[in-house]
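Shared between the two complexes below is chain A, which has chain B as its partner in the first and chain C in the second.
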Partner chain A sequence: MESPQFSCKLGVLSRPDASVIFCEGETVVMAGIYGPIEVKMQKMLIDKASVECNYRPKRGLPGVEDKLYESLIRNICDTALVTSLYPRSAILIALQEMHNSGQLISCAINAACLVCLESGIDMKFMFGAVTCFLTNQEELRLMPPISDSAVKASFVFVLDNVKERILASHTEGSFSMEQYEEAQDLSRKQIKNVFAFFKKTLNSGKEM
Partner chain B sequence: MAKQYKSLHPVKYYRDYLSHNIRPDGREFDEFRPTLLNVGTIDTADGSAISKLGRTTVVCGIKAEFCKPKAETPNKGFIVPNLELSPLCSPKFRPGPPSDQAQVLTQLIADIIENSHCIDLKDLCIFPDRLAWCLFVDFVCLDFDGAVVDACILALMGALQTLCLPSVDYDPALDNKLVNLEKRISVPVHSTPISTTFTIFDDKIILVDPTVDEENLCSGILTIVLRGDEICSLHKPGGSPLTDEDLSSCIEKCKQRATSIKDLIKTVVKDYNNK
Partner chain C sequence: MANIGEYVYPGDVVKNVKSIKGITIIGPGLRQNEENPNTLCISQAGKLCFREPNTYWIEGKRHRYIPKKGDLVLGVVAKKAGDSLKVDIGSAEFAALPMLAFEGATKKQKPDVQVGDVIYARLLSAHREMEPELICVDSYFKAGRLGVLPNDGFLINISLNLTQRLLDIKDPLLPTLGKKFPYEIVLGVNGRMWLNAKQRKDILTLLRCIEAAEAD
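And then the complex of A and B:
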């Protein structure tokens, strides 16, 4: 089955502690991380670091939909990072959409994972995301169809690399239980490529 | 003593109860709170309902206004949901612009409405490219005690079932509209999405229909929305990972819940129509 190609470049920005530009298929997201940094009084947690996520769309101000992505990515990073090592501090993840051709959420999550890995903040596990599309012909695929109207449903799965359990799931459109399970199996196969890409990137230095 | 213990060591307090296979409010792990639905509660709205899940209370009102359809979808109207989490419902919320949580929940509800196709937007069109209905679906949370999405979706279904729009005679040549407030027509509801929320406690225990304490202390939340046999949203916003078996058992529980909730809605709406 055809699957999206990954490419990325690390350390593209000078000010963040780590930054990455990540491409999944045609979708591109830029991510930066600051942390652990000083935390605002009202957000301070005494036993762990407070994780914040800031997501910017390609144009205009962040809307209600972007807030949903933001909270999703924040929750995932909060689980994956060992926040108890950095009490009374903040970890700020900034994401900027560059181009969207369907897999925006999974691309943003993958960029967030790479930038966390690159920053050297301790993590419990790696996480990766896969988007699956269910076309109107009830066919599952990893590549986004050319037009939006050809998509019956889309699934985003976020899995960890230890036991490949589901960290987060987000779906659009309606589908049957069997289709959900099929999509899950498909994403389990594809997630191996994602993690392999992460490892290759980090082992080989700066550029892929 | 138990009260002090609860506020000093909330997690330990919960663990002690859960190790005896019971929750602090006396429920089993897979037991739902008493569910209430009342439809047609607000006379000034075009459709309305109040739902209660235990202490969680949500009021839903639908107001319809005229608008011009978008040029790219000339034969479709609009549905605009909005959830208000006022300072009244929980000390977590302050007055002012909607909090992040309110925005996230609003978007989740908007996604559920869109994915479930419960209202065909084409039914809201009065005259293509000229006039359509815009339904403002406002939710006000009166008591924020967990599983708010479930309560919102239940209230939404009640409100949509009782939604009656005035009939409109539109004259496209003169751009003249004549609204007949006496003659009201209901909007067809094509499906009944039912939402069920689960929390994962300590990475392994799964509790259905959580209270706000359980939501705050838990390590993960999962919301499943079913429409008949199909799933129209499976939203797990991070938190501790879940195995496939747990997920399937959650969906199974959700299916049972959906049947009883559907019966509830049916009975309530029938009673209302007979009045």
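And then the complex of A and C:
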């Protein structure tokens, strides 16, 4: 089955502790991380770091949908990072949409993981996301159809690299239970490529 | 799963951990595995290193300084709060430096420190639940090389890995530069470097050399 190509560039920004531009197929997201940094008094947690995520759409102010992505990514990062190592501090992940051609959520999650890995912050495991599309012809595929109207449903699965447990799932549209499970199996196959790409990127970018 | 010298990723597990009387020393990027004793969890991407008999650590790219007790750091005074100074050392929180922690300082005779001054100090305590504490004297109450640095130097931020490399006595870069220009250098393990030479021009040349070393 045809699957999206990955590409990325590390260290694109100078201000953040780590930054990355991540492309999944045609979708592009830029991510930066600051942390651990000083935290505002009202957000301070005494036993762990508070993880914050800032998601910006391509233009305009973030809307309700963007806030939803933001909280999804925040929750995933909160689970994956060892926040108990940095009490009374904040970890800030900033994400900027550059181009959307369907896999925006999974691309943003993958960019967030890569930027965490790159910054050297402690993580319990790596996480990656895969988007599957269900077309009007009841066909499951990893590549987005050319027109939005051809998509009956889309699934996003976020998995970890240790036991491949599902950390989060996000679905849109209508589908049957079997199709959901089928999409899940497909994501489990594709997630191996995502992690292989992460490893390759970090290993090659490591040459100092 | 993970072998010594290999590039490892969060979620990998080190098996058959060597220990002496049940003691293993672990450095950054490693955590004890609660589920299975005698194994270690990896929490950073980097190269897994091991030194006989029982020390393990990860050599990765860390960008943000995490204070450790005993570290020699360079900081900039950010605030003066009564008898104590707040010093920016690049960590999540400002470090506290009491006015009495300078050589020869008493309650009546306080050192002359202004906001913006660069300070070379040692971390007296660095507990993650508390703000880090700095001191400018050694255990004999002598300043040694610690204290406020002169105003005519130049402070830059460099990566933590480069600092470690320059601090290595076998590294040829600093002695080679020293043959060409006489200069003074102070390296803080928090990724800061203070430089001073006879002329401004020399300082700029030295900085360019350091920048080139950083890129490489």
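Keep this in mind: the second predicted complex is superposed on the first by the 205 of 208 C-alpha atoms of A that agree within 3 Å, B and C clash if a C-alpha of one lies under 4 Å from a C-alpha of the other, contacts with A are read in each partner's own complex, and residues count from 1 in each chain.
By definition in this document, contacts are C-beta pairs under 8 Å (C-beta built on N, C-alpha and C of every residue); 3 or more make two chains touch, one makes a residue touch a chain.
Note that this is a predicted model, so its numbers are computed, not measured.
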Clash or fit (per the criteria above) of chain B with chain C on chain A: fit
Touching partner for A:Gln137 - first (chain B), second (chain C), both, neither: neither
Touched partner set for A:Ser119, first chain B, second chain C, both or neither: second
Contacts of A:Asp160 with chain B and chain C, given as first, second, both or neither: both
Touched partner set for A:Asp17, first chain B, second chain C, both or neither: second
First, second, both or neither for A:Leu202, with chain B first and chain C second: second
Contacts of A:Gln42 with chain B and chain C, given as first, second, both or neither: neither
Partner chain in contact with A:Ser149 - chain B first, chain C second, else both or neither: neither
Shortest CA-CA distance between chain B and chain C [superposed frame, angstrom]: 14
Intersection of chain A interface sets (partners chain B, chain C): 160
Residue numbers on chain A that touch chain B, as the complex places them: 64-65, 67-68, 70-72, 74-76, 78-79, 158, 160, 163, 165-177, 180-181, 184
Contacting residues of chain C [partner chain A, same complex]: 7, 9-11, 29, 31, 41, 43-47, 60-64, 66, 91-94, 128-129, 161, 216
In the complex, chain A residues that touch chain C: 17-18, 35-39, 46, 82, 85-90, 117-126, 160-162, 198-199, 202-203, 206, 208
For the chain B and chain A complex, residues of the former touching the latter: 100, 103-104, 106-108, 110-111, 115-117, 219-220, 227, 229-244, 247-248, 251
